[in-house]
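Got a structure for you, written out below as structure tokens; questions coming shortly.
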Amino acid sequence: MATLTRQPSSGESQPPPLTFSTSLFRQISPALYLQRHLLHSPPTRPNGRSPSQCRDFTLTTNSLSHAHGSAVVRAGDTAVVCGIRGEILTVAPGDDPSQFESYNSSPTSATHACGTRGAGGASWGGLVIPNVELSTGCSKKYPLGPPGGLAQTLSDQLHELINVTKPVSLASLRIYDGDSNLSSTTKIKGYWCLYIDVLCISLDGNILDAAWYAIVAALKSTNLPFASWNQTEERIFCDGARYHPISLRRSFPFTTTFALIPIPNSPENSAGEAAILINDPDSYEEDEACEILTILSTTDMGTIQGGPSQPPLAGSRTRVEKIEKRGGWKIGISQIEICTQLAASKAARYTQYLMKEQLTPM
Amino acid sequence: MSLDSLEIILPGDPLPQLSPLLSQDPSQTQDTKPRSLRLGPGLTLSPSTPSTPILPYRYGTLNLTTHTKRSTASIVSTPRHYHPSPNDPVLVTLLRSTAEQFIVQLTPYTPPAIIPFENYIINNAGTTASARKSRPNLPIGATIYARVSVVHKHLESVELSVPGPEYGEVISQKNTSSTSSSQKKKETPSTAVSSGTTGAASIANRAEVTPYILTTSQPMTKLLLAEDTLGKPLLSAVAGKVPFEMIVGKNGRVWIDATTQKEVVKVVRCFKEFDEAEAWNDEDGGLVRGREIVGKVCGK
Amino acid sequence: MRLQHRHPLPPPLRHSTMAPSPLAPEITLCPLPQSDGSCQYTCPTSRTTILTSVNGPLEVRPKDELPNHATIEVIVKPGIGVAGVRETRLSTLIHSTLQSLVLTTHHPRTLIQIVAQIVQAEDHTSLPLLLTPLLNCTILSLLIAGIPMRTVGWSVHLAVVQSVKGVKGVEGQIFRLEKDGGDEMETEESEEVVVRNPNSATLSSAKSSHTLTFSKEGEILLIESLECSQGGGGESADGQGWDIGDFLKLAEEGKRICCEEGMEVIREALADRKVF
């Protein structure tokens, strides 16, 4: 039983304090409920984790048979499905293919409304196009209907993550003239355009980390059919029997999200801490958080025991590729440094998991 | 003694000049009353910063008054919106009346304000409008000169009062004398400017004159309220040409009346053009431009 | 000039161009006479121009009403086309930054509405190029509107460029970060320079872009840092990014710019306005 009002020090005439059951307390005063948990020694979150602990996750790849690559990620009660489908983009004669092979410049020619879906993605133009769907009934906060602010922001964040990390070698998405083995640009007849669709099945906070992990895992599991240009038919044909994986980065960066829970000055708060940083917040904690910090980083490759056959990678130190901090003002520079270390260790776990998943036969 | 520092203060700036006024040390001051500082608009208490507990929350200059019993500090700035604060004289429009109160419009962008009948004093004897007999029968759309009595951010609306007969419905002098049922009222708020030439003869045919309610910006309102200092150049220039009467509400409404309709329009145009040109921001306080406008509108 | 005085409509805009520093933005306060607070801001180097208008406190729609706080609404209008996901993201970022600056408890159950129009930009889709001018312009118009604020903030956009060659900039725009232990550093890294408020061309050759927003007291309000080097992706992207130590040095420099130079710009801009 949790007590909302403090025990009166003296006086028998006072009425007994109001008491509530824990579940009711959790509902009527979420901020206080969370603060009492975090002020406990050692600090524990209502979900039983310590502040710096992230949720356990499960990963399943290639569970969708119609997609070229797919992954299901579940972290706590957040579950996302990611499917990747390759569609063929035909290059018009006289078009400069180099504009397709850069992540930061979007092609200006409007004739290439990608595939059949035109403006369906977050932004058309690139060869790797993410889209996110939250209105699946995954949470009562996001009703069915057109995408709201969070879905749009998330979609743009994922698009930015792809542009920042450049996971796929865009040159490997070329489709050449079948008769020639020359890699001259004139022989490029088309490109594979990768549509990444992320569907959130269940939302319990920290959708970005789960969605990005699902995208990375799905990309790793993607197999595209061999495609070539048929000169007599003047069309691109796919070989339905032969598939090839796409060329990816070797050291993948992963996102880690932290939330800052403000703690007001109170007699119980003897340590004088103004706020507590928690790793991988769930939606109950996200509602109370005033500040969100997301770090995209690779991990120190030396700590990974996974692929012994692989040669050591260039830049094996922890490299940060993106930092986003919004809302609030309490996170200091030193905390960012600590969070980077936590992010690196989480990225190491992700990488290990991903390697294990790839080794197990389908 | 008024300490005016012209330095611009930004929100969150520390105000060390206020610290001596806050000394709560009991050993040092054995006064009967603890020294206290009244915080005016623009300043708030912030317990999170113990070294400088007073936090300015908007930009402006610090205005510190220490000559009164209780020293007062405030941040002087002119936001465009009117924020009601207690004792502000305001001009409001009657929207409707209920069994207990008048519901009036203070500004077009806020929910309506109320004047409870028990706050509506109709004569010098202190009779309130609570009784049905004494309730003034005001038409919808009537202009009422009132005072802000209660502002509470958590309450539904702002509460106004009519503290005496000098407040109340604004009716031009002529109309007042002709209608016997209405209370005899004199426009004696401190803001009324009489040019001195307004004689009985000039009030002929006043029934056809409709007073005008002009909406002004907050800096303009402050200028018109300060008739002896800031507003003097403009007001004396206008009054030199046209005799007129005005009531200024702090909510940015100015009621203007004169002997003929033509003159009402002239005064309104002077004020309006002065305001739209933002002449109050001039170096000379709008002296030159005010004269120019008055000369243009009223003729040499 | 005399003619303008005789015809006071439309109101003459007070243009307060801070003459000495080539890095100071061009700020016009109150270009929109009908709004509570407005500001036009032009970045001196990238020429991004933003026009913002703040209205508030207003009556709030019952759907958005908060019992103890004012509702802040940020609408970003694009320079071309209709608003899309990028504009939604920008308004979310501005909204979360303002949430920590505005004292929303002073006007509960009201609405503070901010409309930011992108007037001119080199690249209408680039988030880093737009974010800094949008934030600075919004903060200035909030000050003019007299919205209660806890403190003020300022934003700066820094780009890390591999080589000083080919980068044109005005005086003071390009600087080097001090490196400790210069011997350990690889030779190519010592060439690295930081460009302040880069334009589109500089940003396209940059390695990383950092939008840093600090409050007057040096608190971090917003960080939007991302790797932005060019490339075809795949294995060529391995090892990109930056070391956290370098970022911390950059953040210190950003803090200095925001807290010292940014506040000076705000004070100078506001000193022109007369208060009653």
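Going in written order, the chains are labelled A, B and C, and every chain counts its residues from 1.
What we mean here is this: a residue touches a chain if its C-beta (ideal position, glycine included) is under 8 Å from a C-beta of that chain, and two chains touch if they have at least 3 such contacts.
Just so it is clear, the structure is predicted and the values come from calculations on it, not from any experiment.
K.L.:
State which chains count as neighbours of subunit B and simultaneously of subunit C.
P.N.:
Where subunit B and subunit C might share a partner, there is none at all.
K.L.:
Specify the chain most distant from subunit B by Cα centroid.
P.N.:
A
K.L.:
From the mean C-alpha coordinate of subunit B to that of subunit C, what's the distance rounded to whole Å?
P.N.:
Result: the chain centres lie 38 Å from each other.
K.L.:
When the C-alpha atoms of subunit A and subunit C are each averaged to a single point, how far apart are the two points in Å?
P.N.:
27
K.L.:
What's the distance between the Cα centroids of subunit A and subunit B, rounded to whole Å?
P.N.:
57
K.L.:
So which bits of subunit A are touching at least two other chains?
P.N.:
Residues: none.
K.L.:
Which subunit C residues reach two or more other chains?
P.N.:
Only 215 qualify.
K.L.:
Touching at least two other chains at once: which residues of subunit B meet that condition?
P.N.:
Touching at least two other chains: none.
K.L.:
Inside the complex, what are the residues of subunit C that reach subunit B?
P.N.:
Against subunit B, subunit C makes touches at 5-6, 8-9, 11-12, 14, 33, 35-37, 55-59, 103, 106-108, 143, 145-152, 215-217, 263, 266-267, 270-271, 273-276.
K.L.:
For a test of understanding, state which residues of subunit B touch subunit C in their complex under the given definition.
P.N.:
Residue positions touching the partner: 8, 10-13, 44, 46, 55, 57-61, 76-81, 109-111, 153-154, 219, 222-223, 230, 273-274, 276-281, 288-289, 292-293, 296.
K.L.:
Enumerate the contact residues on subunit C facing subunit A in the complex.
P.N.:
Residues of subunit C touching subunit A: 84-86, 88-89, 92-93, 96-97, 99-100, 125, 127, 204, 215, 219-228, 230-244, 247-248, 251-252.
K.L.:
Contact residues on subunit A for subunit C in the complex?
P.N.:
101-106, 122-123, 149, 152-153, 155-157, 159-160, 163-172, 247-251, 253, 290-292, 297-298, 313-315, 317-333, 336-337, 340
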